[in-house]
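In what follows, a structure is listed as structure tokens, so that the remarks can point back to it.
Letters A, B, C and D name the chains as they come in the text, with residue numbers starting at 1 for each one.
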Amino acid sequence: MNWSYTIWIPLLPLLSFVINGLFYGRMPKKMSGWLGTSALGISTLLSWVTAWKYFFNTPHQGPYEDITAWHTTWMHLTDRFTIDLGIYLDPISIMMLIVVTTVSFLVHLYSIGYMATEEGRNRYFAWLGLFSFSMLGLVLAPNLIQTYMFWELVGVSSFLLIGYYYDKPSAVKAALKAFIVTRFADGFFLIGILLYSYYSGSFLFEDINNIPAILESNGSLPVFMGLSALTWGLLLIFIGGAGKSAMFPLHIWLPDAMEGPTPVSALIHAATMVVAGVYLVARLFPAFHASDHGFALQIVAIVGTFSSLFAAIIAMTQMDIKRVLAFSTMSQIGYMMTGLGVSGIGEEGLGYTASMFHLFTHAAFKALLFLGAGALIHAVHSNSLKDMGSLRKYMPISHITFLIACLAISGIPPFAGFFSKDLILEAAFEKNKLIYAVGWITAGLTAFYMFRIYFMAFWGEDKVYAHKPHDPGITMTLPLIVLAIASALAGWLPFNEWVTSNHETLHTHFNIGSAAASVAIGLVGIIIAYILYKNPSMTPQKMSNRLGVVYQTVKNKFYVDEFYEGVTQQVILKRIATPIAWFDRHIVDGTMNLIGNTTVRISSIIKGIQSGDFQVYAFGILIAVIGLLVWLNYFIQ
Amino acid sequence: MTWIDTITLMRNEWSILIIFLLLLATEILLDDRRQHQLIPLAIGLFAVHTIGSFFPGKAGELFGGMYRTNDLLHFMKAILNTAVLIILFQSYHWVKTELAPHGRAGAFYLLLFAVLSGMYFLISSGDFIMFFIGFELSTLPVAALTAFHLKEIRSTEAGIKLILLAGLASGIMLYGISLMYAVTGNLYFADFLVNTDHETLLIFGLVLFLSGLAFKISLVPFHFWAPDVYEGAPIAVTSFLSVVSKAAAVFILLILLLSVLPELSEIWKMILYILSVLTMTVGNLFALRQTNMKRFLAFSSIAQAGFILLGILASEAVGASTVVYFILIYVFTNLAAFGVVQAIKDATGKEEMVDYTGLYRTNPRLSLVMVLALFSLAGIPPMAGFFGKFFLFLAAAGKGYYTLVLIAVINVTISLYYYLLPVRAMLLRTSDAPLAHIRSGSMMRIGLILCVVGILILGMYSPLYDYILSLTNEWLQ
Amino acid sequence: MDSGIQISDILIVTAIMFFIGVYGFVTRKNLIAVMMALELIINAAAINFIMINKLVFKTNLHGVFFGLFIIAVAAVEVAIGLVIILNLYRLRDSIDPEEITTLKH
Amino acid sequence: MDRLTILIIIPVLTVLALIFSTKRKSYRVIAAIGMSIQTLYSIYLLLEYLSIRQAGNTSEMVFTRSIIWFKPWNIRYEIGVDGIAVAMILLTSIVTVSGVFVSWRIKDLPKEFFVSLLVLATGVFGFFISLDLFTMFLFYELAVIPMYLLIGIWGSGPREYAAMKLTLMLMGASALLLVGILGLYMHSPLIEGQHTFSIQAIAHSPMALSDQLFFFPFVFIGFGVLGALFPFHTWSPDGHASAPTAVSMLHAGVLMKMGGYGVFRVALYLMPEAAHEMSWFFLILAGGSIMYGAFGALRQTDLKYINAYSSVSHLALVLFALLMMDAVSWTGSVLQMISHGLITALFFALIGMIYERTHTRDVTKMGGLMKVIPFIAMMYVMVGMASLGLPGMSGFAAELTIFVGAFQHSGVLERVFTVIAVLSIVVTAVYILRVVGKMLMGPIKTESFYHMDKARWYEKTAAILLLACILGIGIFPNWLYKLIRESVEPMIKLIQ
């Protein structure tokens, strides 16, 4: 069966980028937007077709096989290290294909309305195209190097989009922060790749995931601090993933990234790019699972769980609606990491499937939340929840869709979030009770903070608005509705048949107990939020005052940013860079100048010899002659 | 030995003698007001003489070996002639305006040619008597030339310093020769050192003797006179001193060491080694902070002498031929520099480096000549100086003098610094009161063009080097 | 007839002469005196030549002739020297070596 | 007339044309035409070369020509190229032609400017084609000296100081180099009783290890200074800061590459054992200065200083890769030379354009240029991305190759410095983005910056030409890699 047409899925967005980029400025109004949207539309169509063909229309018995749909040699370093660019189709890449293209398409559509009044619209859509291309290249990569390349490219496009309002200092700062933090992580990522591939002898995923082959080809692997080189490689790679997926402690860039236009946040910082880390771990899952009995995987689980709790706590205190969503994203990604972390392979592969499932559903409802938030911001021209209230009267569509999303994320059946999250918790329960407990609590917190913003925005007392808020135009509402439907129904998809750790159907049994538990905690959260925020009251204020310093700490995100600020400013710049610069200018360069100056000084010291008195000269000659005689005598004897 | 031989072998000497007599006669006949007519005559005659001197002659001895010559010596004399000819071109304007009116042009030329003939005899001397005569004849008149500006105290001072110190040097040298004579009992070069072992007395003699020559080549620490004299003397004389007499002295040193005193080589190699290190280093260090162009060039030429010694140390054919080659290049290079100094002095009477500031803007051609000359001295390709230096180093390295070469190349770097100083003044800087545009006379132009052509061609044109090498090989058989 | 003079004596004498000359050359504060000192130096060499010839190498007369030439040349040298000194005296009525140090460094 | 000599003939003819032309307007046109022809010719040369290789010619050097020059010393005018040289030649011509375009509006002494520029170029071309140490050295010095005039006359700031410093340090280096070359000559194999300067001949029978150990440092440092080897790199920041735009371009883009090329072609190729023995020491120097340069750049505020230090860092990477003595990393380092050549050239070109408009190079004084000069600003962002190793740009391909190659050494020292090298890309990102953030983004600080004239055609030509090359190499690196790799292969085989 011929899959080579799939090359067009990434190429079309690239096309839109190139055209929008080259004819930047000469492009008629709106043109760029529709260009990008239609390009994405086509690739979306193509990827749905691909998914359909792959899952339903391919005669296969047993597991779904991996398909390399197309590839070309990019750089033939050595026969071992040949870097290919290619398209690699397997269940997760196809799932990501669906997610990326669909969300990107909807965001394009939405942006046409959202950015209608913006000056640099063309630039915006060009970057959007670039991002979609890079993200698709990333998910379709057949080898680590391609992954890394597009990994960098999404980083850059995210940088450019966050810095879209480049004359706004905060936006610039956020953009730089995002790029540099992720770049820092990528440094380790690259080292990890090099280290790992030195032993695996190849960049291709199938070779990398084939741990037994590596072990027997290398004989004994060097062990450092009780871990094999492979595990170290995987841990380094995971640092890269953690950087992109804003796992603690590399999460600091994500909240600031909300400086970008809201659709961008929806696309990059909710649905697609930030889950790249999860995707990476899933890609290398066999390796993670096999090396040192899945030690690296435990790290993943711990980091994920901690981040999810950490973020959820912070999210409860933020007043900026987008920041709340940002932290919630971080928390949800934590869930996914946990899912992978607790998973086994084959029949124990529940966590894997669950995590992928959650990735899928989360993309839907989190994108919806952001776009909804976008609609609100568009209406009231402010990010702050203080400026919102009882908007349900003015913007019904936004209200309904937002509510659906909130229910979904809080894990209330029958909405999508319920199924995926519940599966993760089940997997955790089987693996490790502590992790399960944390996840369970986090679920409650999630429900609470989501409904906190829901009630604050759509209920509460009416605020005075500059001009009456209203639902946005069709291009913006349509995506909301589509996504709402998705996040309502996606839960019923039979994911366990499609996306599993070993590509075979995973038999799951619905566990009523844990389901009930998670629903319960969700409801509790919602109810608390209802009591506190349904009708405006002083109680939240009082409570936060009573909590005092604790509350402040949380509100300030546990001062992590301040810590990093200190490290970079005080240590790296003041203690390292400045001394080096000084050393270079004064010591190294000084030495060079010193040599020159000394020469000149010597010459002015000895100038006295040439006194001008010929009798002195004569004396000098005499001395010279005698000196020569003595010297020679000394030699002759 | 027939009378015909004496003519063919000594043709340079004869022809210069004829020119000498002709000039003398005409000077006596001409009255002082028409003296300037002497100048074209002198230059014309000498030009013919120079061209003639390039034809290879034949090798042989005269006067029982007191005089000997061969193609290499002919070629050396030709080099000297070329140098003098260029100097004549460049000094034309000066002689015409400064000397001729006072009826002293003739004297100038006569002295100059006398010195030159002295150098001929010096180079092709076959024994120490002839050597001594040639040596003095090529020194004493120069003192007179140096003091030629009767009204200038500096000129006179330079003359006195030269005559007295030269006297001292020759005294030392004579004493050295006498000591060697005491050992060998023989003054002929041909069989000078036969059946004599190296007695201490002989070595003492050698040292004193070499000191005399070192004085003439102005090797540190026998160089003290050079800068003062160069600065005081008229530019024509300075260039003569720094080029011609230095060249002659180097030639005779080369001949003596390689063909007469090879048995003592380990002794004189030790001496030359230390002298060369001192000369390069001290010369450079002094040149660093000179502001007067003549004095600056004086020290630069001292430093250059240090490099030449590398070639002599290398000895054998390659070394010797490289030295001759380097001298040839050095003649053109140095005379180019002095020519520009002369031209500017003639027009404006200025010879300080600061006066050269922004020269390029007003006199691009002159300053380009100067730049080329300086780059050639500094050994920058594709100027000839690069090749000369490179081959010297190559020859020295061939004998394993790596340390010496290292010292030399470091000195080259130092020298580059001060050679760039005039370039900086002329090109990089602009002055609010630059020298006016100078229209130098045709003679000066010919002189400068000759030099530039030499600088650009001599290096690249390899057959020349092969030719010199072949001559040297013949000689050393 | 054989005088009892040994070559070594001669060399000692001339060496002393030579160094007297050098001493004078370096110390005298009068250019004429310096010239005289110079003569001492040169004549030391001349005597060397003649006596060595006379006492050691009797077969030929190289040394003697060298001596003659030395005397001649020395005369020329002195002549030129005196002329220049005279000129100096005309320019600034002094012949003190200390005076002529305008060219230096 | 053989193929390669034309590479020297064209610039020389252009120089002559300049010297004899009198119309002030015509100088730049002549220079541009000459260099364009040169560029086209070197592209033709590349194609020629590829076709010859296609035809199955596997000799190390092609288009070779050897004419005896100075018989007594057996000095020859020996020329020939392999893939590396061809690539370098192409780089040189591209950078030169864009340099000419950038200096379109040169005011003071235009004729002299272009003449010196072209003399410099001539030297570089000669250097890359010569296979005879003497000729190579000759062209090397020929290329260095015009820098003095170019910086000294047309420079800015403390130009005299910078020019003198640069010249002296480079000439001092060449002095050391000279000793090394003499040593190589004296220990070269005897052919008909004569030593030889021919690189190939020496390479096929290298001298004894003891001699190598003596002469290797001379040659390595001699070329290393030109390649900004710590601690002899200080000429380059000052030189860059004072040099006029085009000169900075050639200086960083081409001249400094001669250092790396020399190290590669002379030091390592002719004295491999010594290289193996001593590599640890120079590895520490080079590997250290990768980070050192990056951190140095972090604190600078003058655009040119920033790029000068980044050059130090990137060229240290080149030397580092060379010292790995491995086919992949050697190829990578040549790639890095080329890519860095293009990138820095473009960097300095853009800096020149910005300086022309803002009259300052202080990053902290600028802001929001993206609004007023979008083209230049966008170009700057892109080249910045290229410099910090963004995939799709030449920098990434080169650095990745180096890292992969360097990682094949399991020695502890190599590992440590490789890791350092990889982490340096993080610091690079920091200082590049710092500039982008401060200078191009953010609000406009100064009133006068609101109106600047947009990029002119010649500026666009230069910038686009360079960027096109950067992207071309970045997206399709394989042909270049193959070209270089095939030439590296035999050298590696020979020295191992």
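We adopt the following convention: a residue touches a chain if its C-beta (ideal position, glycine included) is under 8 Å from a C-beta of that chain, and two chains touch if they have at least 3 such contacts.
In this text, all values refer to a predicted model and were calculated from it rather than measured experimentally.
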Chain pair with more C-beta contacts, A-B versus B-C: B-C
Distance-to-centre winner among chains (Cα means, whole assembly as reference): D
Where subunit B and subunit C are represented by their mean Cα positions, the distance between them in whole Å: 27
Centroid spacing, where centroids are CA-atom means, of subunit A and subunit B in whole angstrom: 79
Centre-of-Cα separation between subunit C and subunit A, whole angstrom: 98
Cα-centroid distance, subunit C relative to subunit D, in whole angstrom: 66
Multi-chain contact sites of subunit C, meaning residues that touch two or more partners: 22, 25, 34, 100, 102-104
Where subunit A touches two or more other chains at once, by residue number: 596, 607, 610, 612, 614, 618
In subunit B, residues with contacts to at least two other chains: 160-161, 164, 168, 172, 227-228, 417
Chain-to-chain touches, reported pairwise for every pair that qualifies: A-B, A-C, A-D, B-C, B-D
Subunit B-facing residues of subunit C, complex: 7, 11, 14, 18, 21-22, 25, 31, 34-35, 38, 41-42, 44-46, 48-49, 52, 56-57, 62-63, 65-66, 69-70, 73, 76-77, 80-81, 83-85, 87-88, 91-92, 100, 102-104
Interfacial residue positions of subunit B with respect to subunit C in the complex: 127-129, 132-133, 136, 140-141, 143-144, 147, 150-151, 153-154, 156-161, 163-164, 167-168, 170-172, 174-175, 177-179, 181-182, 185-187, 227-228, 231-232
Residue ranges of subunit A in contact with subunit C within the complex: 607-608, 610-615, 618-619, 622
Contacting residues of subunit A [partner subunit D, same complex]: 73-78, 81, 83, 145, 148-150, 152-153, 156, 159, 163, 166-167, 169, 172-173, 175-176, 179-180, 183-184, 186-187, 190-191, 194-195, 197-198, 573, 576-578, 580-581, 584, 588-589, 591-593, 596
Of subunit B, residues touching subunit A in the complex: 160-161, 164-165, 168-169, 172, 200, 203-204, 207-208, 211, 215, 221-222, 224-225, 227-228, 267, 270-271, 274, 282, 285-286, 288-289, 414, 417
